[in-house]
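Below you will find the structure I want to go over with you.
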Amino acid sequence: QAATVDEVKARGKIVVGIQGDNRPWGFVNSSGVQDGYDADIAKLFGKDLGVEVEFAPLAVANRIPALVSGKVDILFATMAMTEERAKSIQYSKPYAANTISLYGPKEKKIVAVADLAGLEIGVPRSSSQDKAVTDAVATTATVRRFDDDAAAIQAMLSGQVQAVGGNQFYMQRLDEAKADTYERKIDFLTTFNGVGTRLGEKDWNETVNKFLDKIMSDGEHAKVYEKWMGMKPPAFPESIPNIPFTVK
Amino acid sequence: MNIIGPNEILFLLQGLKWTILLSAIGFVGGGVFGLLVALARTSNWKSLRRTTAGYISVFQGTPLLMQLFVVYYGITLIGMEVDAWVAVTIALTLHASAYLGEIWRGAIQAVPKGQSEAANALGLHYVSRTKDIILPQALRLSLPATVGFLVQLIKGTSLAAIVGFIELARAGQIVSNQTYKPLLVFGIVGAVYFVICWPLSLYGARLENRLAAAAAR
Amino acid sequence: MDYKLDFSVVFDEMPDLLLGALATLGLALAGMTLALIIGILGVAARKSRFCVLRGLVIGFVEIVRNTPFLVQIFFIFFALPMLGLRFNPTVTAIIALAVNGGAYAIEIIRGGVDNIQKGQIEAGLALGLHKAQVFRLIVLKPALRSIYPSLTSQFIMLTLTSSVCTSIAAYELTSVAQIIESDTFRSFEVYFTITIMYLIISWMMMSMFALINRHYFSYPVR
Amino acid sequence: MPQTPNIDTPLIAMEGVEKWYGTFHALKSINLMVRKGEKIVLCGPSGSGKSTLIRCINHLEPFEEGRIVVDGTALDDSSRTIDAVRREVGMVFQSFNLFPHMTVLENCALAPMRVRGTKKAEAESIARKYLERVRIQDQADKYPAQLSGGQQQRVAIARALCMEPKAMLFDEPTSALDPEMVKEVLDTMIGLARDGMTMICVTHEMGFARQVADRVIFMASGEIIEEGEPEVFFRNPAHARTRAFLGEILAHH
Amino acid sequence: MPQTPNIDTPLIAMEGVEKWYGTFHALKSINLMVRKGEKIVLCGPSGSGKSTLIRCINHLEPFEEGRIVVDGTALDDSSRTIDAVRREVGMVFQSFNLFPHMTVLENCALAPMRVRGTKKAEAESIARKYLERVRIQDQADKYPAQLSGGQQQRVAIARALCMEPKAMLFDEPTSALDPEMVKEVLDTMIGLARDGMTMICVTHEMGFARQVADRVIFMASGEIIEEGEPEVFFRNPAHARTRAFLGEILAHH
């Protein structure tokens, strides 16, 4: 059953839904330990609450169901804030930014969406880039949806797709795999990630927002951000249309 | 980190640990319930036979992947707090009990009718007849098929990845993505499965030959 | 828990789901047909006098039967391109199903062939038929008949296994379902519905197999 | 220590028993009284219902009409009466039906332990006693597959005796045996008969019938056609069918 | 239209044939000439190598030494000579070995179509002709499982005849049959013999041997011990082993 903040404090343990294989956001490292940007922020949150943090690595498509069904208490799971999702979960203030772009081989000329016609484009199923790419190409190109980033990137490396929709970290990973072969082609949008809690649960939402305010003002947030993103945190918007940051 | 070093191997081995654990859970759970299913399937009670026949046909007629999904998402709907462990345990148990139940039903029915008649004539009751006379013979007959199913089950646990288990196959996918050496990684993963499953397969084949030789005598 | 079951969103997508089911059926039928051919040719090779060929078949069967389908399909889809062999997801799925089903079919059919009495083969040879003709005309049909139940239940399993093809983004029932799920977040409803659809597909397959059995294997035996 | 048959008490009584297999009428109004200590031989052509008759007595086959009373217990379909009857009636089958996964001793000790709750040690000593009785005590630790057919059948007899039944049913106990082994089993049965055991025996061993039977009963098409003391029965069969049958049987011996 | 045996041409010639199964010496320097139209009966105790001998003739068993020449073709291990010989020699087995998934007609038409390339219609008319020859034409559309043993064996004979072979080999063609059916098959074979077919027949049917055989050959331990015309052979066997064997065989008849 879904637990309240007080119940979590009483039991001394918070279950955090997180991605298990999305470097550098949330991933299980080679020693089998949960790591990444989200993991560090979640650990700060746990410290703030004074509870132990237990990570539940979730597949992309399982994140919302796991939260709604009470399997996890909260999502630090690279959740891009969308209107559609805001109907299912409550977002906090944004705490990270993500740019969704299209990546492809250098020798392929892609400068506009129109150049994508007839191509096969890989995306992780149910991700922001899935939505962005699908909306952009409509029926002119084939969108191939894989289980996760790993599979989508692998598909391009294997030549199974000619482009992938990805976030700002894809470039680094593609370079690691095959240096100087791929490049960023088209930016679709920048999305912001929020912490996910269940709809209507005011206690969770307020606690999280207060925590975010705190780490953003005392510099902790910037430290973690630079560690994982290799850049300073951008300016986050005060509001996003149709996506409330607080419970009314 | 473009090489497959000790870390990566260690990671794969941790996945292997889950694979073995999940297989063990499925086999034990499936074994216990499968026995009940087999007994129900061969009982004198027609509606019980029918029900278990339906049970078997449902779980043999749907993909394990779907069983995992439905249980994983379904259990919370009936208001129970579960983690992936419980879901996977339930799903694998349901799945394995249907297959093992069917295998064992066949074996129970293959025990000659004279055996249960002799037991009846001696006045032995259902429990003793089943436990002392029928099951020991049936289990022996079914051993090759049972071992064969165990191999299927070990391979089937690779699907538990979808509810969040980083077992061997999933670990392989992750390492492949970190090292960009899919040929090598899937080769290793395949080899590890092979190393576990092949001896079992050989053992099953040997048991089968031995039974066939005994039957030919 | 204020989660209310709502199947309406799933039923709204029924046309897509039915197309997906059709795709699954297609993958399964193509996979099975090829698996049957691989099975028959494999047994012929397994019985041939070339020991290299026999060894290759044995190795193929053992490797495929002792590794998971998921690993096999990943291997074909992600790894083979490194060797210059690239197939699109649908073709990959069919190949993987054919390879997997074929390995099992070889083992099962071999059992049937081994059960054919030696006298049948000798009678064929004594009539002047060649070994290949004896296999094709005399051995095959009774052998298939004797193992028909195991072969068909293996093929049902193959049909169900096709759901794993979603992992390489092949178009079939499970992948359609996952797209709907990611749009609607109605996970349980979606998976429950397609579980039923898989059940119907396997029942249809079973009726089909029974029909084939009646038409093709209906000669009387003692 | 031979006993004389007790004339008064019927140990087994069948009254108007009717049995159908589906639409096939397998037993037709069977009436049969067996007194304590009596030895009955049942014969008749194949398919005449001999097996069916004796299998009804310990309810291996249910029957549709009539009454069967064994040692005062009237068989109905309740498991209580069935259990009671089976405890009192031992049965030996044509195909032995020994339990292949148990030693000879375990085969014999099983029922006393599981049905009567006898302790293991005691059950085994009972088992040894009866194995000695059928002169096969030295095979106690072997498995059935290691014995000859005749030895297996004697174990089957010992196994039934271990429940110390009041009556024994034999269904063609020697017909699956090689000729050399028939005698050893018949000798065992003759010994049992001498000791006063009540017996119903389906057999075509007419020498055995002559030697031990108090009555020979002839069945055909599910009916009891004729019965009588062996000498009378063999010398002077009343019915044409009996004559024809005896003609055939005796021709082969 | 009976023919007289052609004395000059040996249709089948075995010269110094030796055959081993592993270390077991199954045929020991076999010499045998069979003239066109001749009928040979082969007898001898079980395991003496009779089956092995006739199976070498159409190369169902390879042999290690010696020569076998059939109708001018010397058998070597090449498939060309094997094919040529098998086309000319029909064989009938103890256990019939009809193909269960084909009708009687299909069983018979198969080899002409697949080996000789005969058109289907013609192959079927040949098949009907020989089915009539063994008087079983009315069963043409049944499956083997629907026929009695004797009928099945006659179909097996017709099937071999459809290839219009120059010689026929029979390996105990009646020994798997119930007694009532033996005669119908023997009659068919006698008819064949009358029509002049060259035949080698392993059988213990001594009546048949007397009636049709030109020569009876007795084998023991892989050797041809004795041979002769049936009357001489049966009345006056030269060897003690032959006498012992005949004594046993004839005692049972």
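A, B, C, D and E are the chain letters, set down in written order, and residue numbers restart from 1 in every chain.
The rule is short, and it goes like this: contacts are C-beta pairs under 8 Å (C-beta built on N, C-alpha and C of every residue); 3 or more make two chains touch, one makes a residue touch a chain.
These figures come from a predicted structure and were not determined experimentally.
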Which chains are in contact with both chain B and chain E?
-> C
Omitting chain C while every other chain stays put - resulting connected groups | A, B, D | E
Heading the list of chain pairs by contact pairs is B-C
Label of the chain whose CA centroid is most distant from the centroid of chain D = A
Which chain lies the greatest distance away from chain B when centres are computed from Cα atoms alone?
-> E
Cα centre of chain C to Cα centre of chain E, whole Å, reads 46
Centre distance in Å when chain A and chain E are each reduced to the mean of their C-alpha atoms | 83
Could you tell me the distance, in whole angstrom, between the mean C-alpha positions of chain A and chain C?
-> 38
Rounded Å distance between chain B and chain D, as computed from the means of their C-alpha atoms = 45
Touching two or more other chains - residue numbers and ranges from chain D = none
Can you list the chain A residues in contact with two or more other chains?
-> 1, 62, 65, 69-70, 147, 151, 154, 158
Residues of chain B whose C-beta touches two or more other chains = 73, 76-77, 79, 173, 176, 182
Complete list of chain pairs which touch one another = A-B, A-C, B-C, B-D, C-E
Residue set of chain B touching chain A in the complex reads 1-2, 7-8, 10-11, 14, 73, 76-77, 79, 81-84, 162-164, 166, 173-174, 176-178, 180, 182
Using the touch definition up top, name the residues of chain A that touch chain C in the complex.
-> 1-2, 61-62, 64-65, 68-70, 88, 122, 125-126, 130, 144-147, 151, 154-155, 158-160
Across the complex, what residues on chain C touch chain B?
-> 1, 3, 5, 62-63, 65-72, 74-75, 78-79, 82-83, 153, 156, 160-161, 163-164, 174, 187-188, 191-192, 194-195, 198-199, 202-203
Could you pull out which chain C residues touch chain E in their complex?
-> 117, 119-120, 122-130, 133, 137-138, 141-142, 145, 217, 219-222
As the complex stands, chain E meets chain C at residues 58, 60, 79, 83, 86-87, 89-91, 93, 95, 97-102, 110-111, 114-115, 143, 145-146, 156, 159-160, 163
